[in-house]
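Paired with subunit B in one complex and with subunit C in the other, subunit A is shared by the two complexes that follow.
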Partner chain A sequence: MSEQERHDTRLDRFVDSYSQRTNGMRVSAVRALFAVANRPEIVSLAGGMPNIADLPLHGIAQSIAAMIEHNGAQVMQYGSGQGELGLREQILEVVALEGITAHPDDIVITAGSQQGLDLVTRIFCDPGDVILAESPSYVGAIGTFLSYQTEVVHIPGDDGGIDPVALLETTRRLRAEGKRVKFLYTIPNYNNPSGTTQSMERRREVLSVCESQGVIVVEDNPYGLLSLDADPIPAMRSIDPNVIYLGSFSKTFAPGFRVGWTLAPHGVREKLVLAQESATLCPPVFSQFAISTYLSTQDWQGQIGVFKDMYRQRRDAMLTGLEEHMPEGSTWTHPAGGFFVWATLPEGVDSQAMLPRAVDARVAYVPGPAFYADGDGARNVRLSYCFPTPERIRVGVQRFADVIRNELEVMSTFGIRVSPTRLRRAPGPSPDLT
Partner chain B sequence: MSEQERHDTRLDRFVDSYSQRTNGMRVSAVRALFAVANRPEIVSLAGGMPNIADLPLHGIAQSIAAMIEHNGAQVMQYGSGQGELGLREQILEVVALEGITAHPDDIVITAGSQQGLDLVTRIFCDPGDVILAESPSYVGAIGTFLSYQTEVVHIPGDDGGIDPVALLETTRRLRAEGKRVKFLYTIPNYNNPSGTTQSMERRREVLSVCESQGVIVVEDNPYGLLSLDADPIPAMRSIDPNVIYLGSFSKTFAPGFRVGWTLAPHGVREKLVLAQESATLCPPVFSQFAISTYLSTQDWQGQIGVFKDMYRQRRDAMLTGLEEHMPEGSTWTHPAGGFFVWATLPEGVDSQAMLPRAVDARVAYVPGPAFYADGDGARNVRLSYCFPTPERIRVGVQRFADVIRNELEVMSTFGIRVSPTRLRRAPGPSPDLT
Partner chain C sequence: MTVIVIDGGLSHERDVSLRSGRRVAQALREVGMEVIEADVSGELVQLLRATPDPIVVPMLHGGLGEDGALREVLDLLDVRYVGASGAASRLTFDKSIATSVIRAAGLATPKQIALPHDIFRELGAPALMEGIGEQLGYPLMVKPSRSGSALGVTKVNDATELPSALVAAYAYGPVAVIESYLDGIEIAVTVLDEGDGPVALPPVEILPESGIYDYESRYTAGATRFITPAELPTGVLEQVAELAVAAHRTLGLRHISRMDMIVTEGRPVFFEGNVAPGMTETSLAPLAIEAAGREVGEVFAKLVALVGR
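Moving on, here comes the complex of A and B:
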């Protein structure tokens, strides 16, 4: 034990009292850096915050005020553990846009879809259970899964998402090793972080493998309605009603209300409600009524159209910038929706080691290892185009490319190859990482 | 396996996939009954819902509308995992009323204090760990503790709260049995369900025993500012900064925002923030700003005074009614604040078995076993005076007394002694049970 560690131990008198799951929690090594990255002179391509500046604030303010005046004693009271019936009915209209037919009883409202992830893991996973995930996968999901002491195994894929053959082989291998494979976690639309989308055919293949292996499918779809080119592909839940589907208002309306939902078969839903009551008694009631009011008084579909036009400009600015500036040996994905581009840097460049120098050069990104449970991703970065303006994105991408070029130059001049470092993972992301 | 169970198993294809903690979850046997108990002709002395009808709705509506118009892009955006700094500063003014001095950094905002319970259990407890609790204790806390596969051990007490000698002896006995005793969970002010309050001297004794035994103290104080007679007694946290303190706006403002807080020493707070990020990314942001706006624009202390006057009338109506109507052999507590009276029925009367007949007689209550992890409390009931009007409370108490009298008559006529039944516990309460 180092002097520093002894000192830290003395500071926390509870150090011997924490649970095993807590001892696995680590503060992300990049978190401190992100505090710096929020300085205005830095172009942050790191955050996953939606840009909600275009929301009709006046209309929202007036309709929520009327809701409080007319229905204050209900909207500020405790509510149902499953969530308000009226909102659950409205959610059916939202998911119908993705081809889903369901019943209001199938829906459990959650405090953001992050809580859906937490509750689904809670009801299904014991320590040591295996969760399958895309390669790479959402940092916040990986954190939650690991906090339940599960093992996250990444399934190789390609530009079309999960490789069904690898999915089958990996599941069989894990089972042969005596492991309990509980579910596949997948973001089939505009994946966070990879930006890739599974085709309809691929979805059917993945579902078929999971069905044959008795692996539950958990479909996370926060970006599904933010298609920037063609119409969205129907959700996996629209093909198979046994899929557990996580939805969110964070990207199609606003994240600050913390309202998402989980669509699940009857038996699962009943367990989720019990878990929800244990976790928070009920999901945020005022938030639910506020969103219900938004959906019934504002042109929410028109607003999604406004968001799509804005994000399309930003995506195009990023892709054009990458095309113009990135050094040879780099590749990147071309997302058809959502918020993210996933870039692979030239051989030898370590995204984690490079980050402090990028922040010095006034640009921030999330290094690839954040999106792996196993330390992979050293050559990758996630670049977000959701929050900065197109002009800032262009400046940021140019700075980013210059930083890589500088790394390559240093490597070639001094023959240094920066050794890949492994990210010390936090079980939860800072909101920068969403 | 019965025919019915085989049928249920077939219905849920996931039945073999749930985690061990989920297999311990049971739907409360009283939940179905409470759906009936919400019919308007029934006087419900069961619910723990605050009566928020007197809130200044117009002022709240106008100030929240202004907040959205002027600051919409911030109040509807993602926020900090620890909670908004401005609200944490305001919470210091609230807890100062209970003698607590702290720093904004010590506070973690939670989705209601129920989430504080969930996160504290998450960071401290492994399966098999022991949590000590009052006898009886809050149903929602017991549910959360059991959902983490802990063992809840009740410490005997009296009208003054926990018996410090029993606390010491029980802790030593459990430790001698090789058990890991993690923390004492206590509601020292106007306990839910017992209505009792610990004196300052008792608080010091309990703290001293816990200090000597290395048992963490978790103080839950949702009702602390709702003193109905004398001034509130300073919080245990005001005596010992190592106490983990759970606070809530649910009873002093409104529960629908789902905003509570946990005050904890530095090392614990850091773990709580990581757990919060894993559970929901961040506590409800809009709710936090709404409460912050309420505290800065409305006379919140005056409003607490209004609440106290209202609850005092209701408590007095209940105590007078009990005095007038209850049959011999009954006893009950005389709360100096909060929402609840805890009654002990005449010998032989089973509160659980009696409930359907009470609902028939148009009165509802919560049977005592809900407040024990070990099936105790068969002769007890929790009676809430928070929600119905004084007139309805008087009617309800009379009906309640008549039901007991009828039970006694049946027992004496037929010589039947209704056998004590054990409540099948749900890990979380329905909001009726808060």
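Moving on, here comes the complex of A and C:
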């Protein structure tokens, strides 16, 4: 055996060629567990997949078939790097519902708002720059920011969103440390993952702090029109035209088209168009025309109303279930819209370590550390109510509560309340958990 | 004859199993076999009964796939399959039982104890943990007794880390194995029995970049360096092969298995056996098969033919 030729491999011949930002990309056991969550036996309160079962598929099919028949040569051709003018004009009608007035030239169409996030980060950030974000913040955004080797600093907040005082103090501290704070990333409406919403007053305070400190505001608003209890609060962009606004059709229509948009001041928009052209030449033309056709031929506002009724039932099922079943020491947010509840578990529970127990009990959630760049959130979970039926949500919440009780029992055996080794974790699974 | 590769399932290792299954199925197709891939679901029994002359290749990792349950069902249905029997799988999958059997056969294993959560509650965890620390010494390893891919496995450096490690292990199942940590060279040996008795393939030496061969190091391409055959003196390589074959025989395994061991103080120590070795792009058995001058498809085709004889 000793004379046999020896193979020495790392199973990736390019392993020494990757960029520094790629070297941090690794598989994770937490992410692997989500392969089980997709099975029908599991009640998945994990993913943020919109429920589009109620879409008028027959009408959409007919209108898109007509689009191909009458305009196929254009809709299957390359298009403008900024996106189709007709759709940009229609988007102005959509954003007007949240108090935004703008010009179609201010809009750049993107492949979902996720690409807008990528382009904005690309044009503003160098490695080492600081991006401020809510605490917690959207896992997909954190992944994008870290891929550009930026530092993400979370700003504490409460049920009303970002704490303006903490925002000011943190910005000043970071600047005093010589760091370049580039922008604040915020989801003011029905935040992913926390479900919280910034009041109008809080929005003004946050904008005021950012203006005084020269910090750009990037407003991500995919859920804004999915208000479940009252009319939506006007967008931050409606107060300040310098806000860079990210919008999406993924939640108000369907995510498969991958169409979003970025609304930005003139100078920024020009850079975004150039960045878009270098990334994709142009955003998907067929999808843009399909969305445009949907907006012009279907009752899209009525459809949002249908979605809201459906999501309201699901949210109420989850909140009722949490009220009935959760063990003492747990708290959770009460979202007025969107898809998510953010729960804080009894002291000492490590949501990531508990996940295999939950999968065995046929329920899945996303552990809190996924929503922090610094490994915080061990006691938290994101629970999603958007996809399962209300009946399944009730079953899932009961299972989830039982899992916590079982975990607490094991913890109490070992006298665990808070252990320093259990408070911080590596940032968790990434963007497929939108 | 139709080969049915069963993968997926509801275990914590579903993702790994799907990748293993796809790779084996594709390799078998490349050598001309007709292959169906099937998940564990309510339709599986019907599929097995409806398929003429099926031969199953179980590529399930963890849970029902490796604990013998599915193989017992296959026996019940008179469906032939590649790999160990249900009873041998059950024995091997439970780390505490497998290690006891191996030790009873006079083979080297780490000092180990397997305990359900209840015993800590009934005897008092502080005293019991103190006793464990005194008897096994630190560092030590804590792992679920029935799990794979290093899920729920923690290296415990001192007494303060033990409670958290136990809670993490119990999240994967009701029994945790606590064993002395062996500092040495980690080796995996694939054992193949194609009808002429078990033979050890070239041992793979595992050198994770992070120092720990955990889930990340196992399934991130480039995160671990593998040397095949391991850089060990000839005498030690022979001991490694002998231990692997002896463990395979002792556990009553069949066709293919993988034995994991640590070479410490110049001798190999068994710590885990696998009845359904991973066959993903970053798994150990394919490396051993390749180092032996063989191919995955050809090896599995031969095993299928052996079963179908």
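Annotations for the structure displayed:
Everything that follows uses one rule, which is that the second predicted complex is superposed on the first by the 405 of 434 C-alpha atoms of A that agree within 3 Å, B and C clash if a C-alpha of one lies under 4 Å from a C-alpha of the other, contacts with A are read in each partner's own complex, and residues count from 1 in each chain.
By definition in this document, a contact is a pair of C-beta atoms (placed from the backbone, for glycine too) under 8 Å apart; a residue touches a chain by one contact, two chains touch by 3 or more.
All of these numbers come straight from a predicted model, not from anything done at the bench.
When both complexes are overlaid on chain A, the residue A:V153 reaches neither subunit B nor subunit C.
Once the two complexes are laid over each other on the shared chain, residue contacts for A:E277 go to subunit B alone; subunit C is not touched.
In the superposition on chain A, no contact is made by A:V243 with either subunit B or subunit C. Set against each other, subunit B and subunit C touch different numbers of residues in subunit A, with B touching more. By the document's definition of touching, of the two partners only subunit B reaches A:I52; subunit C does not. Of the two partner chains, subunit B and subunit C are each touched by A:L11.
Within the superposed three-chain model, A:Q20 lies in touch with subunit B and out of touch with subunit C [touch as defined at top].
In the superposition on chain A, contact of A:E407 is made with subunit C only, not with subunit B. Of the two partner chains placed by superposition, only subunit C is touched by A:P356; subunit B is not. Touching of subunit A by both subunit B and subunit C, each in its own complex, is seen for residues 11-12, 14-15, 18, 27.
The part of subunit B that touches subunit A in the complex is made up of residues 11-15, 17-22, 25, 27, 49-50, 52-53, 55, 57-58, 60-62, 64-66, 68-69, 72-73, 75-81, 111-112, 114-115, 118, 122-126, 129, 140, 143-144, 147, 182-183, 216, 242, 250, 254-258, 265-268, 270-271, 274-287, 289-290, 426-431, 434.
On subunit C, the positions that touch subunit A within their shared complex are 10-16, 18, 117, 120-121, 125-126, 129, 149, 151-152, 160-161, 163-164, 166-168, 170-172, 202, 214-216, 219-229, 231, 233-234, 237-238, 241, 281-282, 287, 290-291. Listed in rising order, the residues of subunit A touching subunit C in the complex are 1-2, 4, 6-12, 14-15, 18, 26-29, 32-33, 35-36, 39, 41-42, 350, 353-357, 359-360, 407, 410-411, 413-416, 419, 421-422.
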